[in-house]
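Same chain, two partners: subunit A is paired with subunit B first, then with subunit C.
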Partner chain A sequence: MNNVLSNKKIIALYITPALFLILALIYVPILQTGYYGLMKWNGIGEMSFIGLKNYTVLMKDPLFWKSALHSFLLALFSALSLSGYLFISIILAGKIKGADLLRKIYLIPMLLASVAIAQLWMKIYHPSNGMLNTVLMAIGIEDPPAWLADANLALYAIIIPIIWQYAGFYILIYYAALKNIPESLVEAARIDGASSWQIALKIKIPLVMNVIKVTIVLAVVGSLKYFDLIYVMTGGGPNGASEVMASYMYQKAFKGFDFGYASAIGFFLLVICLVVTYIIRRLTAANKDIY
Partner chain B sequence: METVKAGSTTGISVIPNQRPVQKSILNRTAYIIMYIFLIIVAVFQIFPIIWLFLFSLKNNQEVFNTSPFSLPQSPKWENYAKVWTEGNISLYFINSVTYTITAVVLTVILASMVTFAITRMQWRGSRLVLGLFMVGLMIPVHSTLIPLFNTFTKINLIDNPLSIILTYTAFNLPITIMILLGFYEALPREVEEAAVMDGASIHHIFFKITLPMTMPVMATAAIINMIYNWNEFVFVNTFISSDNFKTLTVGIQNFIGQYTTDWGAIGATLVISILPILIAFLILSNRIVEGIASGSVKG
Partner chain C sequence: MLKKAHSFLLIAVLLAAAVLTACSGSTDMASGENGSKKTIKFMHLWPAGSSKQQNQIVTDIIEQYEAEHDDVKIEVEVLENEQYKNKIKVLSSSNELPDVGFTWAAGYMTPFVKGNLFAELDDVLNDGLKDSFVSGTTEAYALEGKTYGLPLELNIAPIYYNKEIFEKYNLDIPQTYREFENAVKTLADNGVAPIALGNKDRWTGSLWYMYLADRIGGAEVLNKAIDRSGSFEDPALVSAAEEVQNLVKMNAFNKGYNGLSNDEGKAEFLNGNAAMYLMGTWELPNFTTNEEIPQEFRENVGFFKFPTVEGGKGNIDSWVGGPGVGLFVAENSKVKDESKEFVKFFVEKWGEQSVEKAGVIPATKVDTGKVDLPDLYIDVLNELNKASSLTLFADVQMSAAVAETHLNLIQSLFGNEVKPADYAKQHEEALKAEEGN
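So, the complex of A and B:
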C-alpha cells in the first residue's frame, strides 16, 4: 500500500507544475531583484555593475526615507486599529442579535477592487462636490480642506479608506476565533462572579492571542508593502506627501526608468517585510505558553 | 439576555434583592449602547457604497445641487447604457471574466494536486515544499515586478493575457493551498486507503475520489481566488498596454480619466465593476466568509 502512495514519479507529476510556477514567478524574480539592485540599468539597454552604489544612494535619499516613514506610519495606524476591531468583535461575538449580518456588512469593502474604492473615495474627498465637504459645508464649516490635494492631510486622508477597506477582514478573523472559545470556560468564569469586562480581558483575549499575533504580522507587513489606493488616489503626491515605499519603487521603475535603483528599493522592501515578520514573531513568542 | 440566563439557570434571583434588578437595567443600557455602536460602524462601512449607487443614477446637476443623501429624482439608467456602449467597458468586462475564470480553474486544480501529494502521499521534502508555498504568502508583489516585466518582455509574453493568467495562478497558489490544507487534514483517509487496497491507481483516487470529496472547499477556494483576480490591478497595469487585453480595474482607471466631470458616468462605471462581486457575495456570503477566515489564519 505504501508503495503506491510513495511513487516518486506520481509525486513529481503532482507537485511540479505548481512548484515550477512559484519558483519561476516568485522565487527567481526576488533573486533577480537582488541582482538588478547592483546594476545601473534603464530597463532597456545594457546593465552595468555598480556594486552597492544604489544602496548607498538609497540610504541618503530623503524621498525614500520620507516614503518609508509614511509606510511605517500606515503600519502603525493599521496595527493600532486592530485593538478597535478586537473590541468590536468581542461585542459582536457576545450573543448579539444579527451579528452574522453585521459582520458580513463590515466585510463588503474588502471584497471590492482597490481601484473602485480609490475612485469612490476620490469622489468622497472631492473638494467642492464630494460627500464629505458637502456635509461639512452644510453644518457650517465654510472653508473645508481639499483633503487629497492638501500636503498635510493627503496621507491621513488615504489611511482612512485603507482602514475602511480592511476592517471587516480583521473583524471576521477575530470573530471566528472568539466563537471557537468553549462556552463552558466563559460560563465557569461567570459563575465565579467575573464581569464581562474581566472575562474579555482575562479569558477571551489570552485565548485568541495566537490569532492576534498573526493579524499583527498581516497588518504590519500588508501596510509596509501597500500600494493600490495610494497609486490611484494621489500617485504619491502632492509633492511626495503620500508616497510610500512601493509607490516610490513603481515610480522610479516605470516612470523614471531607473530599473536598477527601483530594484534596490524592491529588494529592500522584501528584506524589511521578512525582517519585520521575524521580529514580530519573536517579540510575541513569549506569550506562547498561554495557549 | 445575560440576566435572563442568570435568573433561569441559578437560584440567585429567588432571593429578593435590589441588586439584580439594577444590574439588569445597567446591562440592558450597555447592550443598547453597544448595539448602536455596532450599527454606526455598519453604516460607516456601507454608506459610501450606497452613495455610489445613488450618484450613478444622477446627472451632474443633481449631484451638485441636491443633498448627497437624496434619491435620484428620476433614475438615469442611461448612464449605464452610455458607459457600457461608449468606450471599452464591455470588452474589459469580458477580459476580466476570461482571465479570472482561467486562472481560478488552473489554480484550484494545481493547488489540489499539491495538497493531495503533501497530505496523502509519503515523501521526503514534503515539509520543505509546503514551506516554500507558505513563505510565498509573505513576499511583496512589488519585489518581483521588475524581473517579471523584464522576463515577460524577453520571452514575448508582455502585453499578452498569458502573462496575467500565469502570474495570477502563481501568486494565488499559496493562499489556495492554505485553504485546501485544513480541509484535507480534517478529511478521513479511510475511503482513499480502501481504494489503495483495492488496487486503484493514484490518478483514479485523486480524480474520482478525492476531488469529488473536496468539492466544498474547492468552491470556497475558487470564490476567494475569483475575488482576488477580479480586483487585481498592479500586474495588468504593468504587463498589459493594449486596450484589447486590459481588465476592468485597469480599464476603468483609464476610462474614468475621460469622464472627469461626468459623475453619473463615473458612478455607473464603478458600479459595473463591483456588481459581480456584490452579487456573488449576496449568494455565497457564507462560503466567502469561510474562505477568508481559513485562508488568513491557520490554527
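So, the complex of A and C:
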C-alpha cells in the first residue's frame, strides 16, 4: 500500500476522476457564469455580447446594494451569534449534568430540512393565529406586529430562525474542540487558583482559537450566500425588505428572465465571498496562518 | 498485496466512470423513435397529490390516446407549478423542451416564441378546432398573428363572499363601490376581516388594482398603458392606486396580508374569519364539490361582480381574467406531427370532461344544458356568456421584467410604502425602458 501511494504517477491516475469532477461541476460552471455575465441573455434565445454592461448596471443598482446590505447584516448577526454558541459549548463541555442530552437537543434543528424549518416558523409568525402573536396578545399587547409582512421587521424575523437553524452545527464543532483540550491543563490552572471564568477566557478560548477562526469564515461566507429560508418564508418581500444577494439573483434569473444579469450577480457574489474570506483571514491571522 | 490494492482501486475508478457515462447517456433516448413505437414526451403541472382530478383526466386522456394509437407512447413527467416553471426555463436554455408541455399566455410565452422554441399551431386550429374556443382565448396565445399555444382553462375573477357573515351584519350584495366601502366599514367595525388577501404572492393584490383601474378608467386604460398606446400615468390608473390605499386605511384586508401566501390568505376566508375573497374561478371546486371543505361552508359561499365606481367608465360585466395554462408543441420535436395530433385530441377531450370532472372551466365552449353542474358553476358560466370584455391578468400581459416591477410595486402600494403618483411613475419608467430594447 505504501508503495502504491509513493508512486506519483499512480497518485495522479487515481485523483484524475475526482479532479475531473471538481473541474466539471465547480470550476467550469464558475467560468461559465463569468462568461454569461458578459452577455445579454434571457435564458432562452440567442445571447449577445455586451461586455461589462451588466456589471456597470449592477454597480449602480440600488436594489442589489439593498440586498447586499441585508446579506451583510445577516453575516454580522451570524458572526455575533457565534459567541453565544461558544458560551453554551463551554458550559456543555464542563461537567454539567445532562450535557449529552442538551447537546442532542441543540442539534435537532440541524437535522430538519430548511423548508420544514421555514414552514414551522411561518406558523409561529402567523399574524393572527401564530404562536408568537397569540402569546403576545395573551400578555396584553393589543396589536402585535405582522412579523413577515412588516417591511421593517421581516429581515430580522427571518434572521432569528436562521441563527436557530445553525446553532447545533456550531455548538457541535465547539464542543468537540473544547473536549480536545487536555484535562491536565485545566486541572493545573485550577490548582493555581484560577476561577472558572478565568479558565474559560485565558485557557480554553485561546486553545480553540483556530476553530473559532474557521467558524467565523464559515458563518460569514455561509450568510453572504444564504437563500433557503428567505425564499420559502417571504420570497424576499415585502417589496425587497428581506431580499438578500442570492435571492435577488434568483429573482432576476427565474422571474425576470435576465440570466445575463443574474450571472453577473452570481459572479460578483463569488468575488465578494473571496474578498471577505481574505479580509477575515488577514484580520484573524495571529502568529501562524491556519489554512 | 500491492497488486490486489491496485486492482481494487482500479475497479472502483472504472465503476465510477461507468456510472457517470450511464448518467449522461440515458437522456439520449428520451424522445423520438424508440423501436417501432414513437415516444411523445409530455410534461404537465398537475401532480396527483395537489390536483387529483386534473391529474386523473390527463391520465385518462393519455390512456385513451395510446389505446387509439398503437404506435405512440406518451411519456409523462409531472411537476408542481413553480418547479414546472423553473424546469421549463432550464430545459429551454439547453433546447431540450418536452415535445408537448404547458405554457402561459402573452408575456410568459413571448421569449419562448422569439427563441424559436414553440411550434406554430395555426394548422391545428384551422383543422376545425377554432370554432370550439371561446373567442378571445386563443388570441392571448398569439404573437404577430400566429398562434403558439392552445389554452385549456378560462378563468374570470369574481368576489366570493360568505353569506352567513353578510346576513349577520345585514349586508346586501354591493352594486356600487360606495356600497362596497360601507360593507367593508361595517365588517371592520365589527372585528371581522372584510377581505381575505395573501399578498406575498403579489398577483393577488394585482387583481384588486386591476379591477379598480377597470371600473374607474374603463376596460382599455390598463391594456393601453401596457401596450404603450397609452400611459401608466393616466389619472384613472393613479386614482385606482389611491383607492387601493384607501381600502388599506379602512383595514379592509386581513392582518399581515403582505406576508401571507395566497393559500394562507384563502385560509382566512375558508375559516370564516374573512367575509370576501377576490379570486379566479379555479377556486370554484373548493366552494362546491371539494369534500375536504365542510359542506356547511360550501353552501354559504356566493359570488358577486366587482361593483361599479360612481362616475367611472367601467362596465360591471367587464372581467379580469383570461385563459390559464395552454399546451405548446416544441419546435425541435422529432415527433412534431404526432405531438400536434395529440394536442388536438387533448384539447377536445379536455373540453368535454374538465368542467364536470375537475371543475375547471375549459377555454373551449361548454354547453350548459348538457353538463350536470352545481348552481355556482352555472351562474359563473352564464356570467361568462354575458361578459362585455376580458382583461388579461396584468402580470401575464407584461414582459417578465416589467411584471416583476409591477408585482413589487403592488406589494409596496398595499404596504403604504409608495405614493400612488410614484407608483404610476415607476411603472411608466419600467415600461419605457422595455420599449427601448
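Some notes on this structure:
The definition used in the following text is that the second predicted complex is superposed on the first by the 271 of 291 C-alpha atoms of A that agree within 3 Å, B and C clash if a C-alpha of one lies under 4 Å from a C-alpha of the other, contacts with A are read in each partner's own complex, and residues count from 1 in each chain.
Basically, a contact is a pair of C-beta atoms (placed from the backbone, for glycine too) under 8 Å apart; a residue touches a chain by one contact, two chains touch by 3 or more.
Everything numeric in this text was worked out from a predicted model, so none of it was measured.
After superposition on subunit A, the partners subunit B and subunit C are seen to clash. When both complexes are overlaid on chain A, the residue A:43 reaches subunit B and subunit C alike.
Once chain A of one complex is fitted onto chain A of the other, the partner contacts of A:255 are limited to subunit C, with no touch recorded for subunit B.
By the document's definition of touching, of the two partners only subunit B reaches A:177; subunit C does not. Using the contact criterion defined above for the overlaid structures, shared-chain residue A:109 touches subunit B, although it does not reach subunit C.
In the superposition on chain A, contact is made by A:131 with subunit B only, not with subunit C.
When the two complexes are overlaid on their common chain A, residue A:54 makes contact with neither subunit B nor subunit C.
Look at A:14: by the touch rule set out above, it reaches both subunit B and subunit C. Touched residues of subunit A, counted separately for subunit B and subunit C, are more numerous for B. In the superposition on chain A, A:96 contacts subunit B only, with no contact to subunit C. Once both structures are laid onto chain A, the subunit B stretch out of 23-31, 113-121, 167-175 or 203-211 that overlaps subunit C is 203-211.
The interface of subunit A with subunit B overlaps its interface with subunit C at residues 1, 4, 10, 14, 17, 43, 254, 259. Residues 1-2, 10, 34-35, 37-39, 41-42, 44-46, 48-49, 51-52, 55, 63-64, 67-68, 110-111, 113-114, 116-118, 120-123, 129, 132-133, 136, 138-151, 166-167, 169-171, 173-174, 177, 193, 196-197, 201-203, 206, 227, 230-231, 233-234, 238, 248-250, 252-253, 256, 263, 266-267, 270, 273-274, 277-278, 281, 285, 288-289, 292-293, 296-297, 299 of subunit B are the ones that touch subunit A when the two sit in their complex. For subunit A in complex with subunit C, the residues that touch the partner chain are 1, 3-4, 10, 13-14, 17, 42-46, 125-128, 146-151, 154, 234-235, 237-240, 251, 254-259. Partner subunit A is touched in their complex by these residues of subunit C: 1-2, 5-6, 9, 13, 16-17, 85-86, 89, 92-93, 111-112, 114-117, 199-200, 202, 254-260, 264, 268, 273, 399-401, 404, 408-409, 411-412, 415, 417. The touching residues of subunit A, when paired with subunit B in their complex, are 1-2, 4-8, 10-11, 14-15, 17-19, 21-30, 32-33, 36, 43, 88, 91-92, 95-96, 102-116, 119-121, 123-124, 129, 131, 134-135, 138, 164, 167-169, 172-173, 176-177, 191, 196, 210-211, 214-215, 218, 221, 224-225, 227-228, 232, 246, 249-250, 253-254, 259, 262-263, 266-267, 269-270, 273-274, 277.
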